[in-house]
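Labels run A, B, C, D, E and F following the written order; every chain starts at residue 1.
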Amino acid sequence: MNKQKNLNEIKPGEEIILFLVVDKIELKTTKGGNPYLNLELRDKTGSISAKLWERAEETYSQIMPNSIVKIAGKMEEFNGNPQIKIEKIRPAVESDGISFEFFLAKSNRKLEEMINELNSFIESVKNPFLNKLLVTVFSGKTLEKFQTAPAGKGWHHAYIHGLLEHTIEIAKICELMCTFHKELNRDLLISGALLHDLGKIEELTYQTFFDYTDKGKLLGHIVIAALEVQQAIDRINDFPEELKEQILHLILSHQGKLEFASPVEPRTLEAITLYQADELSAKTNAYKLAIAAEKNKDVSWTKYLPLAETSLFIPKNNQS
Amino acid sequence: MNKQKNLNEIKPGEEIILFLVVDKIELKTTKGGNPYLNLELRDKTGSISAKLWERAEETYSQIMPNSIVKIAGKMEEFNGNPQIKIEKIRPAVESDGISFEFFLAKSNRKLEEMINELNSFIESVKNPFLNKLLVTVFSGKTLEKFQTAPAGKGWHHAYIHGLLEHTIEIAKICELMCTFHKELNRDLLISGALLHDLGKIEELTYQTFFDYTDKGKLLGHIVIAALEVQQAIDRINDFPEELKEQILHLILSHQGKLEFASPVEPRTLEAITLYQADELSAKTNAYKLAIAAEKNKDVSWTKYLPLAETSLFIPKNNQS
Amino acid sequence: MNKQKNLNEIKPGEEIILFLVVDKIELKTTKGGNPYLNLELRDKTGSISAKLWERAEETYSQIMPNSIVKIAGKMEEFNGNPQIKIEKIRPAVESDGISFEFFLAKSNRKLEEMINELNSFIESVKNPFLNKLLVTVFSGKTLEKFQTAPAGKGWHHAYIHGLLEHTIEIAKICELMCTFHKELNRDLLISGALLHDLGKIEELTYQTFFDYTDKGKLLGHIVIAALEVQQAIDRINDFPEELKEQILHLILSHQGKLEFASPVEPRTLEAITLYQADELSAKTNAYKLAIAAEKNKDVSWTKYLPLAETSLFIPKNNQS
Amino acid sequence: MNKQKNLNEIKPGEEIILFLVVDKIELKTTKGGNPYLNLELRDKTGSISAKLWERAEETYSQIMPNSIVKIAGKMEEFNGNPQIKIEKIRPAVESDGISFEFFLAKSNRKLEEMINELNSFIESVKNPFLNKLLVTVFSGKTLEKFQTAPAGKGWHHAYIHGLLEHTIEIAKICELMCTFHKELNRDLLISGALLHDLGKIEELTYQTFFDYTDKGKLLGHIVIAALEVQQAIDRINDFPEELKEQILHLILSHQGKLEFASPVEPRTLEAITLYQADELSAKTNAYKLAIAAEKNKDVSWTKYLPLAETSLFIPKNNQS
Amino acid sequence: MNKQKNLNEIKPGEEIILFLVVDKIELKTTKGGNPYLNLELRDKTGSISAKLWERAEETYSQIMPNSIVKIAGKMEEFNGNPQIKIEKIRPAVESDGISFEFFLAKSNRKLEEMINELNSFIESVKNPFLNKLLVTVFSGKTLEKFQTAPAGKGWHHAYIHGLLEHTIEIAKICELMCTFHKELNRDLLISGALLHDLGKIEELTYQTFFDYTDKGKLLGHIVIAALEVQQAIDRINDFPEELKEQILHLILSHQGKLEFASPVEPRTLEAITLYQADELSAKTNAYKLAIAAEKNKDVSWTKYLPLAETSLFIPKNNQS
Amino acid sequence: MNKQKNLNEIKPGEEIILFLVVDKIELKTTKGGNPYLNLELRDKTGSISAKLWERAEETYSQIMPNSIVKIAGKMEEFNGNPQIKIEKIRPAVESDGISFEFFLAKSNRKLEEMINELNSFIESVKNPFLNKLLVTVFSGKTLEKFQTAPAGKGWHHAYIHGLLEHTIEIAKICELMCTFHKELNRDLLISGALLHDLGKIEELTYQTFFDYTDKGKLLGHIVIAALEVQQAIDRINDFPEELKEQILHLILSHQGKLEFASPVEPRTLEAITLYQADELSAKTNAYKLAIAAEKNKDVSWTKYLPLAETSLFIPKNNQS
């Protein structure tokens, strides 16, 4: 597939030919008795509503929700909101060479660069047991998932490679903290930073859209990570018991408070540093995304954000 | 050692010869300049203060805190509180045939009877994977600890065999709930009831007194149990993934609320039943112990109980 | 009236003749200017939307909300949701022999069986004052209401006879707890179990649908029960003052926490047991109902439940 | 008994002869082996420690805690705190003409004046049912207790006649609110103001000291008042049901929040006014007492007050 | 403009000619393809929906949201809700002599009377520094805004002159409290009462509708007031430092709790009185408005009020 | 004064001559009737109890609490705790050349280095208004205090120069965050980082010991800083209003939550970053200090820390 325009760049009046994902499809009837289709379509920059006024019933039987379609039509505007009038629509086929991955938001950072930074951090851990643990965990299928997964469903780093980007940010913040405090056990802290969110690769599904898995909802990413790290440690000879307890403690306590789903609260110096570094990375990214989502709307406040329990100011003199 | 009188049965004026545990020992000096020893001693029914007025410095160097001693002396009373005046004191020796176990509170129920009930519950689980899991876990060293451990440091079932007693109570309550609701997966629920507090055998130390271990404070008994159950499941062929997630969910959610240290809240029918059955067993036992502790004091209210956030009424017409 | 099919058993395409309750009726106009009726109808298995395209204005003036109607029509489906196309509709008349009771959800347990169990519990209370109190309260109009009322508006045991079913469950759980703890005052505890939710017969209205009464919202079922029990006790000679305070305390504290609307928290052994037994019975029933409500929807999670603060897992291998 | 000096007016070095209440009495021994008595004594202005060095054992057997004694001795000072050195001590006898009442803090307002104000408010209520209710309740034994009782154990209006003083303050505030809002049902609001704390006459004991009764701890003053008002209403013919529910609602909701032990929150205009008027009267009085208690200590902040969750500033330029 | 009928007084079927404010205007299309306008219009008594079926597109380009229009049309009713069918509509022009002020809710009290009361309170403050402060602040532009502003966006005293009305109520309540407690520093308390909500004149915008300003959302009215009062104090010679801190403390602590956005909690006697007086005035007014808003709806309960966390009872026998 | 040994380096048995601060001094009497002095003395490494057995009354009249004394004596040990037996004691005199500063804990970082870093950050701010603001604020008396003050009374950076050290840490963390997010307004964020805790120079007193001032308790450091920054801005021509609101918002919101005393919560991207950077710096430092305080005690857990709501693990393999 050739590169196509993003939905948020298309102006009213433009003729369009686009691949899009079908989030919702409904068969409706006008009061005059004519059937029509109401659809929700999206690309990685957002979603939009669309109407098909012809051949509605026939088309309804051919298009599945959560599938990719190719459409031709025209961008219209109505009461200030963009809307697509579909002329033609068909399911994507294999020869289109298009996959769901194309429609998922992605990190702005280069993957290769981030992988290099991850590897540098792993190499920098000199404690042989922790180094072995990191090398064991970050390999094969797990590494592949870790490089791809988002760090959340929709709040912070909620895009492909987001987990990797978030992990590296935290490791860098922890590195800086070690320059302030020689008392921090750097190898332990960096290892905890790299491993703490590992469970997200099984807590989340991110093939066609971002959501929680059954396992994620029944166990939570914190315990999933602890279970995986235990299995890796069980394969390393003579891994010291106290070190095992400390690295598991970093994973278990990294959400900082019982009410945030950590089964224990931070009780080591490294644990409090990791928790606060995680908060700093997550909150800043989340607020940035929330502001960016409304940048082009000519408003000076975002909509109310339940997780922030407020709306955010969008300064006029903003630099970006 | 022959059976000796309990501390709470000895009256002022009695001459005594007793084995006791030293909780505290302090060398002090009277204003007149004479050294003396101030001790805190206990048996399984409570603790008491004691004084040694002779050979204080010499004795101080011979007696260790957290050791067993043999004393001869006299029970006195001062301002309404009993106190021992020690005449002779020496460390217990091997030939005394006395161990710390003797000084720990114990369940009132017969151990053999409780073991039989545990076995009956295990046998009653017909799902082959769950049955295998229970048989695997409740064996060898683990079974031994499980039969001995208390269920807590000082709130509910805080006595030797308390974990077993508490576990059986919950299983019986769950059994009754199954008679109300055929929708409950009985095998899953009973298995969860038997396994949910397994982590307490490593969270607590109960050889000489009851306290939390480092591991207990860093990981918590909920995650310790999940880690142990995962290791047991890893040794069972073809254990179904969904069943594994459900049994782990029962363990993880059994404290019912995030703020009570469960990393996930109950999200299955069995999980909510187990949580509420656990609460019923624990709270009733805890309140009973708190009232019993002040039964002989001629008061109609217990002291303030931080965990209950109240004091409790001791009815005059109480039946027991 | 002969037995009719339940709404949740009727398939699209079936011709139907049914008595149903009108929850809502709206006169609307198509864009073409034709008036039509939009109705919400229900039987005891759920509610459904319905349309009447003919004689809308005339019919609108004849059909009242919260009335019973007889309809003839056809079950249709649109966008996956069932909907009734009404051909004929008329108000139910006395000769139809149909009452609102027919449309309210009912307990699955047999009423007679439950009444027998209630009577057995009353008889088993040997304390003469408590026995007299129970016999006095559970008689006449009060008994009649007690046997009919639901235990709640929509969360747990929210069906006709639900209050009786819930009360008996709690009494059985309390009975089991007495086998664990001889310290429990059985007569007091069973009496408290039977009386604690008595106020619900005046807190709720359950003739045509389930809702709170003005009295229920101004006083709450806890205080209503306390006021009624006081009036009954005032008619019993020499009822001991301390016993009165204890039985009132059981009623007042049975929601366990101030923030759950108990004006005092449990401060006796019986009170904590009753509170926890109530929780166990209520929560298990509520979660069961919530899961059952979505059993046929081919989903593995229920919708979000505000009172549980989560959605619930619906296991594929569920037994029922 | 003639008027005696208050404890907080006596200076170190003064010889004293006083009647005081014994809060605590302990027999202790000096390191030199001599027995002595350590006492806590109080009058209505505060408490003080005292020592008796002679005839300690003999005296110990004659003096009971919670009794009145007559002492002769000398006020001393040690490390900045006053302390009494007792020369002579004996139990008070009937001919001393002294009662516990003498040692309890009292309202600064004149009782007669307050009774007049109470009567004026009762007379001003023109609704015949509410007027009858007030006249019924405020009579005989109940009126006597109501005029004597404190409004609390130790926080606000915690002195004899405090309940009456507090009640009148609230009624006056409510009266003022009625001048702002004609929508307020004045008769209902004033009746609620007068009755809302009625339960305190049975919740508290205030004969020899201020404390909660068993009944107070098991039922709470809110429900006690509701039960009493129901009994009074039951004796009035044709008392309107809705009016009964509204006056009970005022009593039940007057603490404003479930977590402050109100079983329902304010749901009428009068209820919210009464709750806020109660808060205003109670908090202002409580803070005033807390500041007054440390006025003479040459500090600019009171000690930490748990109920206020802060310490309070004592301004230098304070007018009083 | 001559006086026109209020929206809430017009009956279905009446022909109308009205000036109204446009809250919302949407261009829509019927299923038959005809464009029409859907509007939300309001006067000071409430808002109503309206339809324009002719010349929709042309009109849509002429009418702006948040503007004043003159309409001619007819009041209709549909499904119980009133709705305007617009025949003619045009923007208001200068010669209409109509401004937004006309459409904002206003206090029922006479402005002149309230200004007199404000001045009396200012004059009554005898402390020269506080008097100077009040005279300085309540002058010019600030005084003008203070007399006009509402006290809130939509909860209490949310109407023009509401801030002044609320301020005077509080001052009167504080005055009454001074008659109970001579310990209150009256000049300080009255000054705090008059100044505490001063920041609302910049926190809110109230020219065309009531909303928060950017400054209001970034700083909050509490800090805005503190900043303004500091600037006024900086212009007064020799204003005593302790007095400055106390008056600022009254402003900062007047919301009573940190979680209500006060950066310090009340720590002086005057501060606790002011906070509670503010609560009393605000809550009573808010509940009154919420009940009044549903007085004519023939319901006995208001809708759920998020800020009260309940719905409110509307008594049948209500006096107003 | 020459450098003297630190209290925590002196061993039992050593003869000592030391300058120390008197935290407490009490005149007591032995049971034998001999007066003696009990003192609490401290240097910057901790406090210790001391006894003077000779000339107690005479000395008591010469030594004031919160003064510096010179003592000669001997370090003793009793029951494991060190204690000084004083032989000679006298008040420090001017010629001793000793001041309170000597006894206050100090930052481990070099002051000059930190001042250089502060200046670099100020210079790096290119926005002319913000640069002017920083230069204005960080000068003269204010700069002097800012370089000296601790950042807290006893939790984090609670030592001389701690405010400066803490400020620089935060600025460095913010600098790192800017490398992740180009959307951050660096000049605004760095300015906010440098100014946010400015109010602590007046909230705390740190001449002889660390405590809150009256002003600190009445206004809080957040509002004190806002008031000071407003005064500085008022002296800068044409300071943009929106920029003023944003910089004040950073100061006001930097504690992140209303319940932590911020009158507004973070509502800009810079505000959330600053809050989280502050948390990271403060918590890590606080936990480090708490662990360090018990490093030499041969325990593996610190005592319970109220502000952390837990005790902390002290790993055996700790690197420092």
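As a convention for this text, contacts are C-beta pairs under 8 Å (C-beta built on N, C-alpha and C of every residue); 3 or more make two chains touch, one makes a residue touch a chain.
The shown structure was predicted, so the numbers you read here are calculated from the model rather than taken from an experiment.
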Every chain in contact with both chain B and chain D is listed here as C, F
Chains adjacent to chain B and to chain F under the stated definition are A, D
Residue numbers at the chain C-chain E contact, same meaning over half shared and different meaning under half, come out as different
Matching B-D in over half of the residue-numbered contact pairs, the equivalent interface among B-F, A-F or B-C is B-F
Rounded to the nearest Å, the gap separating the Cα centres of chain A and chain B is 45
Expected list for chain E, residues touching two or more other chains, is 30-32, 214, 217-218, 242, 246, 249, 267-268, 313
Full set of chain pairs in contact is A-B, A-C, A-E, A-F, B-C, B-D, B-F, C-D, C-E, D-E, D-F, E-F
Note: in the complex, chain E contacts chain D through residues 169, 172-173, 176-177, 180-185, 242-243, 246, 249, 265-269, 272-273, 276-277, 279-281, 283-285, 287-288, 291-292, 308-313, 315-320
Touching chain E in the complex, chain F uses residues 214-215, 217-220, 222-223, 226-227, 230-231, 234, 242, 245-246, 248-249, 252, 258-264, 267-268
The chain E residues in contact with chain C across the complex are 30-32, 78-79, 300-301, 313
Seen from chain C, its contact residues with chain E in the complex are 26-32, 214, 217-218
